[in-house]
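In the two complexes that follow, chain A is the common piece, with chain B as its partner first and chain C second.
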Partner chain A sequence: MIEGKKLLLAEDDNLLAALLRYRLEKGGYQVSLSKDGKEVKEYLAEEVPDIIVSDIMMPYFSGIELIDFVRNELGSKTPIIIISSAGNEENVLTAFELGANDFISKPVSPSELIVRVKRELNNTKI
Partner chain B sequence: MFSPITKSKPLNPRNLLSSLENMESMLNNFSFEELSSSEATHLKKSFKAFKEDLEKKVFGEPGTVAVEVKKEPTDGDMERNLSTSPNMLIAKVSHEIRTPLNGIVGFTDLLKEDGLTNSQLEKVNAIQSASYSLLEIINELLEYSKLSAGLEDFDTIDFNFHNVIKDVTYLCKTLITDKKVTLETDIDSSIPRILVGDPSKLSQILLNLLGNAIKFVEEGSIRLAIAKKRKIKDQLFLEFSIADTGIGIAESKLANIFDAFKQADDSTFLKYGGSGLGLSIVKQLIENLGGKISVSSTLGIGTTFKFDVPYTLGANEMLEQKQKPTIQKDKVRQSIKGMRILVFEDNLLNQRLIEERLKSWGCTTFITENAEYGLDILKKTKVDAVLMDLRMPKMNGFEVTQQIRQNKNAAIREIPVIALTADFSLGDKDKCRKYGIKDCILKPYDPDELMLTLLKNKKDGKMALAKEPEKKLDNTQDIKKSSKRIDLTPILKDCMNDVNLLQELIELYKFNALEFIGSAKTHIRYGDFEELGLAAHKIKAGLAMMQSHELHAIVVQIQEACKTEGDIKQLKSLYNCFLDEYPKVELTIDKAFAEIKRTQK
Partner chain C sequence: MIGKELTYQNILLISAPKIHTDLLWDLTFLFVGLAILYFMGIFFLRNTISNKAAKVSQRKKELSPMVNEFLFHEEDSDIKEKTNYLNLRIEIRELLRVDLNRVVLSEILLDLSRDVSGDTKKRLFKLYQDLDLDKDAFYKLKSWRWEVVSKGILELTQMQVTESYSFIIKFINDKRSTIRKQAEIATVTLKHEGINYFLDTTKYRISEWQQLKLLNVIRNLEDYCPPRFKAWLTSKNKDVVLFAMRLIKFYNQNDASASLIELLKHRNNQIKQEAIQCIKEFHIVEALDTLKLVFQKGNMDVKISILEAIAVLGSAEEIEFLKHVEAKYADFAIKSKAISVINRIVPESIMPTENIDNGLEHDWNKKTVSSDIDDKKEMVINKAKEFSEMDKDNPTESLEKEIAPISLSTEIKEETVEPHSEDRIIKKRETIMDDIRIPEEEELLVNLDFLPIVVAQKMGEKDISLGQENFRYRYMDDEKHDIEYILQLEVNFEEIGANGTNTDQIEPKMAELDIWEDLDISELHFLPIVTSNANTQDEAQKSIDSDLRSDIGKHTVHYEQVLPPQKIEQKSNEKIQLGNKDKETPSPINKEQDSKRPNSISEINGEYIRSLKVEHDTLDVVPRDNIKYEPQQEYFEWPLDELDSSADQTDDPENESHLELEDFLKHLPKPKYYNNEILSVLQLLDLIEALGDQREIPLLHDIMEQSKMDFIKERAKELIKRFSRKDDLYEVAWELDTFQDNIVEYNIFEELFTTCDTDSKIILMKEMLVVGDQKEVRFLKKLLREETEQKIQNTAKKVLRQLQERLFKEEKDFLEQAKNEMESKTDTLPLEQAFLNEARQRDYDNSELP
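The block that comes next holds the complex of A and B.
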């Protein structure tokens, strides 16, 4: 069941964030939005979401650091989908090495993201 | 036994308060990006509460007279306290008087619109003129007592010297409309554009001295000359001279001309009014700025005031006037003529400046620093737009906006509020959006920008603009670029055809662009490549999303140039391209959105 699954959306671009949040909430997710690394850390100190969608470039705390933090500091296996900018292929490789589950490139298609999120959640169940 | 602490010199509460004020202003200017906005608000709030608490303890509850000295005066400090407490009282009382007085002035303005008979009009004018005189005296008293109590704050900021002088002379020229008086200026053009110091105190001094000259010269000339006197390391001493061909001052009176409450002649007050504090204030201001003032005069020939003030040379010359979009001023002016505008602004100089500007454009203005009075105006008369200073010491612009937005009267709720602010911070932007403030103007504002923003916020004003978008700008190359259409249907699809969401995204887009314009200006000024790069990155995706390909390309170039810490000149010209291009793109998006709304119906 997707209904009520907790999703952390870490995205500093408020436009993209507003669009994705709207679509994800319509899709039944309980979305928490963090605008930067500091807010991500604050959120993660309170709880671990069912899935994380994070931009790779954010102020104070990049998506790469976020993966490292979740996997190594928190020791959590919660799925992480990275949003990457075009031309950042190296970062995507690092993200995968550190334990990212999937990535999606900008410009992000919200419909595609929703499919990917759903797939990751189904994967973790199995 | 007493502890050693009691033997130490007691802390002067005034000094404590003034350093607290300093801390507060530092706190206000501190970049809160490192903190979450709730942390920052909390910090500010608790500091404010702490300060107010302390103020109460030192000066008593506001509006009451602080009974100050109970202990035996054992120290010189105590005597100084005694001597300044009347000043504190004056400062407080003056402030309390100023608010209702502003109300009287404003409402007589309204009264005049009610179709009065000539004889009634004459009486109302008399009330108004008396109120203005009283207001002037009160303002001077307030200023004088603040200065004497050492409570006046002096800024040390980068400012555009030549622009300040231009603003001052502009204001002074408005004061001499129907007299046979000319105002000439002679400014050494090699004085650097950017100096470090207190621009508002400089304009205060000049307005006072020039204002005096205008008052006392019936016919003749007034001349403001500014020259470089000497340069010591990075300190530049400027010499100002204000010479008039007025009635002159007798030698015997010259000696105490700068003393408080002294005018050359007791009859002077009868003829010209005023508190007699003006020159004393000027002298104190100049001395506080590290300068000196002197006067020479010959009866029947005229008077010359000379003063010098040291300024620190600006670290860089980046604070140049931004490239203005060339607008068809006459057309825009014609369209905003007759707009009724309420301005919330607490700085007296800014009040006058904006009032003059708006009046010269044929707008009716109501200016206040008092929330209640302003809201009263909204209730009692039709207002087309509100200009809101976001940072006022006594009142929070956001709270006032909220009161407007939550008003029972729908017409009041929907009045466009335009923010005036000296700095854009991310928190402010978000807040502006939350409070329904659509446009922000950076201070010191450019008249053209103010004009355009007013037009944009006028009912049907946008349409007037949209009709002739191409004519708005000079650059033919840019016109070609901006004539591209923007198709919002793909993004509408992403929004699951939810037009409201699309509208929200467009609003966000506009805010991001404005925020970028504001922050990039600062980053370029300080040559901060890293922050500029981040700002560019932040806006990039949104630009692409809204199909603003030209803007996107400009921003990508800015980002690249930041990575290599490239040429600041190139960055500036890219930034100017963005400034030129953005208004056109915004119009195109608005049109595209209007189109979508039509087809959805």
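The block that comes next holds the complex of A and C.
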């Protein structure tokens, strides 16, 4: 069941964040939006979402650091999907090494993101 | 003011002008005032800009959810969502009246278009045009400011407004470079044929960066089929030629060899160089002569490029030219390149000469040469001694056998001789000869390391008659004489073919037998035996074959029978055993067949296969009498034939049930039997009803006139009546209209109209034009009747007319499509005609029967 699954969306671009949030909410997710690393940390201190979708490049706290924080400091296995700009191969590889579950490159297709999120949640269930 | 009373003292040493203090104060106030004004201006400007930015940001926040709503709106959403969507449309139309909102909305869509892809992006483009934001961009194209025009082009390109193509291409030859470059990219992006137009028309330079950008655009186009770029090699714009060559190279269009060779003669060195690159890429060997021709006229870079091309394309024939270049040109780069190319074509043909110490002299008597050389020399001498002792009868062969390992130990390695290596060999020999001409013993010994091993072919001749002992003796004692002697020797050498194979005469039989000795025949059992029809075989081959056959006979070979299945029908358990008689099992093949049976698979032929008798599985036919009627069956079969014969079988125990059935059948109405003609006409009418249209009306009239049966007339009349209407689908539409008129229908526009102001009503009516259908037509008619406001009435009238036109056009298209589909199903020959002909023929055939 996807209905009501908590999703943390960490994206500093307001327009894209709003668009993805709208689409994900329409897809039945309960989306929390964080615009930078600080907000992400604050959110994660309070509760752990079912899945995290994060941009790599964020102010204060990058997506890579976020993965490190979630995996090593929180010790959580929450699936993490990384959004990276095209050609940022090195960061993507680092993200995977640190424990990212999937990545999607910009420009993002919201429908594709929905499918990937769904797949990751299904994998976690298994 | 000058010359008035001074308020300060003059210092004599400084001759300052006499200026009144008031003036200074005035100037001070003036400049302070100006500074304040300046800072205030800056403050005001900054404030304005930041306020505007804040306003835009705020507006973006407000508008972005609306945009999202529009982007992800689905047609099949519920009424609530639809209402919400329409309200949003009205709201956004209102907002778009303000210029700032239009700008902000454009910015939002442009930003999002960079961040999203797939279906969302397509919706974004559509929304941009739906909201008429493209009109703003078109308006920008008319501006006199280059940055505004450029921005307009960029917007239209980014939002894929293909309609703008014809407007943008006008800027391709604009004087302002920014606009021009933007227009070039737009032209190539918006339409696939844009690149053709651009290359055809551009008069200005295309910078390398621009070329890269254009190439990037082209390679990211979806379903792009590049044109043959050789067409632009004739362009008068040298940048177009250059770009065309780069595109040719990128798309591997290697059909422009002649043009590329011709371009080598171009005066422009850049074009020359690009042509050389293409020639090198496509390996156009025909260009070699032209390359050599144009070498002299090119600049340094061209010369280097030509030499590089020759290195890739050239053969030993180019060595002469390269030597000439090396000798003629003093420039180090060219000289060095020429040498490297020679060495690339014929490796190591030119040896290093710089700082090589050729004056090394050694006096053997003083024993100053390195011990390494001494060792080699000693080894050769010892081996020669052994050789002379071993085989005096056949010195050549034994020397060959024995010297080989020595050669390796003394690092004399065989080199694979490549094609076109004659020059190289000659050069090498010259080098050797140069070394040998100086009869210095240590030099000779050093250089001998790479010499081929030469041996005397005939014993008993003058020099060789001295024997190996003498040879050794001479070598040791009279080296100078020996050199002459060595040079005159006839040598037995190993001939190496161009492909590196040894072409020496090796006994073929021996060689092959060696192979067969290593071959394990048991590994070959999977191979079919192939026999040659050739009559002549050499004896060696025969002997091998006989050996092979004897070996094959020892092995058990399993054959797989592959026989044509359509000719041999057999029971599944039946097999024909061939070949191995031990494994043969009794078969149904009789003796006659047995005599014809082939001894081997190769003897099986069509005749033999045909002669085989095959046992078939016979299908037992159940007699009709055994078919019984079972009333409990789910399906019902009419055993009419049985009923006929049942009368004679009254004694049958099942007669009771048959009688019941007979009673049941008596209650059924008796069948009417029509003759074939009536039947045909009925079938024809059925077909006409299913597939026909108004074109069948004359035929139906004919049928009515000719037919005597009332029901046929009635049917034809009914069909004529039906086809006389404009179209069936019109009828359906009319019925649907009537039905819709009768039911109370929900119209969202009607509901919205109750709460809207005049402007919103007008916007709504425009929306009706886009999404409306018959419901909206009726509503608009109602509006025309009941609405008192003139403005709304006028708009309603206009919208009604346009909506009706649209709906009529849609219906017409639909009907045409349906008609085309129907026509494609029927034959071109009128169906009824063919049918009647067939019926007549059948009647005629029946009439001939007794």
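What we mean here is this: the second predicted complex is superposed on the first by the 126 of 126 C-alpha atoms of A that agree within 3 Å, B and C clash if a C-alpha of one lies under 4 Å from a C-alpha of the other, contacts with A are read in each partner's own complex, and residues count from 1 in each chain.
The criterion applied here is as follows: a residue touches a chain if its C-beta (ideal position, glycine included) is under 8 Å from a C-beta of that chain, and two chains touch if they have at least 3 such contacts.
Computed from a predicted structure; not experimentally measured.
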Query raised in the report: Looking at the overlay on chain A, is there a clash between chain B and chain C, or do the two fit?
Result: clash
Requested in this report: Spot which of chain B and chain C makes contact with more residues of chain A, would you?
Outcome: B
Requested in this report: Identify the partner contact of A:Val70: answer first if only chain B is touched, second if only chain C is, both if each is, neither if none is.
Outcome: neither
Query raised in the report: Should A:Leu15 be classified as contacting the first partner (chain B), the second (chain C), both, or neither?
Result: both
Report task. Would you check which partner chain A:Ile51 touches, where first means chain B only, second means chain C only, and both and neither mean what they say? Result -> neither
Query raised in the report: In the superposed arrangement, does A:Glu112 touch chain B (first), chain C (second), both or neither?
Result: second
Report task. Quick one: classify A:Ile80 as touching chain B (first), chain C (second), both or neither. Result -> neither
Query raised in the report: After lining up the shared chain so the two structures overlap, which partner does A:Arg23 touch, if you call chain B first and chain C second: first, second, both or neither?
Result: both
Query raised in the report: Taking the superposition as given, does A:Pro59 touch the first partner, chain B, the second, chain C, both, or neither?
Result: first
Query raised in the report: Now for A:Val31: first (chain B), second (chain C), both, or neither, which partner does it touch?
Result: neither
Report task. Look at A:Glu39 in the shared chain and tell me whether it touches chain B only, chain C only, both, or neither; answer first, second, both or neither. Result -> first
Requested in this report: Starting from the residues of chain A touching chain B, keep only those that also touch chain C in the other complex, and list them.
Outcome: 13-16, 18-19, 22-23, 26, 106-107, 109-111
Query raised in the report: For chain C, which residues are in contact with chain A within the complex?
Result: 60-61, 64-65, 67-69, 71-72, 108, 111-112, 114-121
Query raised in the report: Mind pulling up the chain B residues that touch chain A in the complex?
Result: 33-34, 36, 494-496, 498, 501, 504-505, 508-509, 512, 534, 537-542, 544-546
Query raised in the report: How about chain A: which of its residues touch chain C in the complex?
Result: 13-16, 18-19, 22-23, 26, 106-112
Report task. Would you mind writing out the residues of chain A in touch with chain B in their complex? Result -> 12-16, 18-19, 22-23, 26, 38-39, 42, 57, 59, 85, 106-107, 109-111
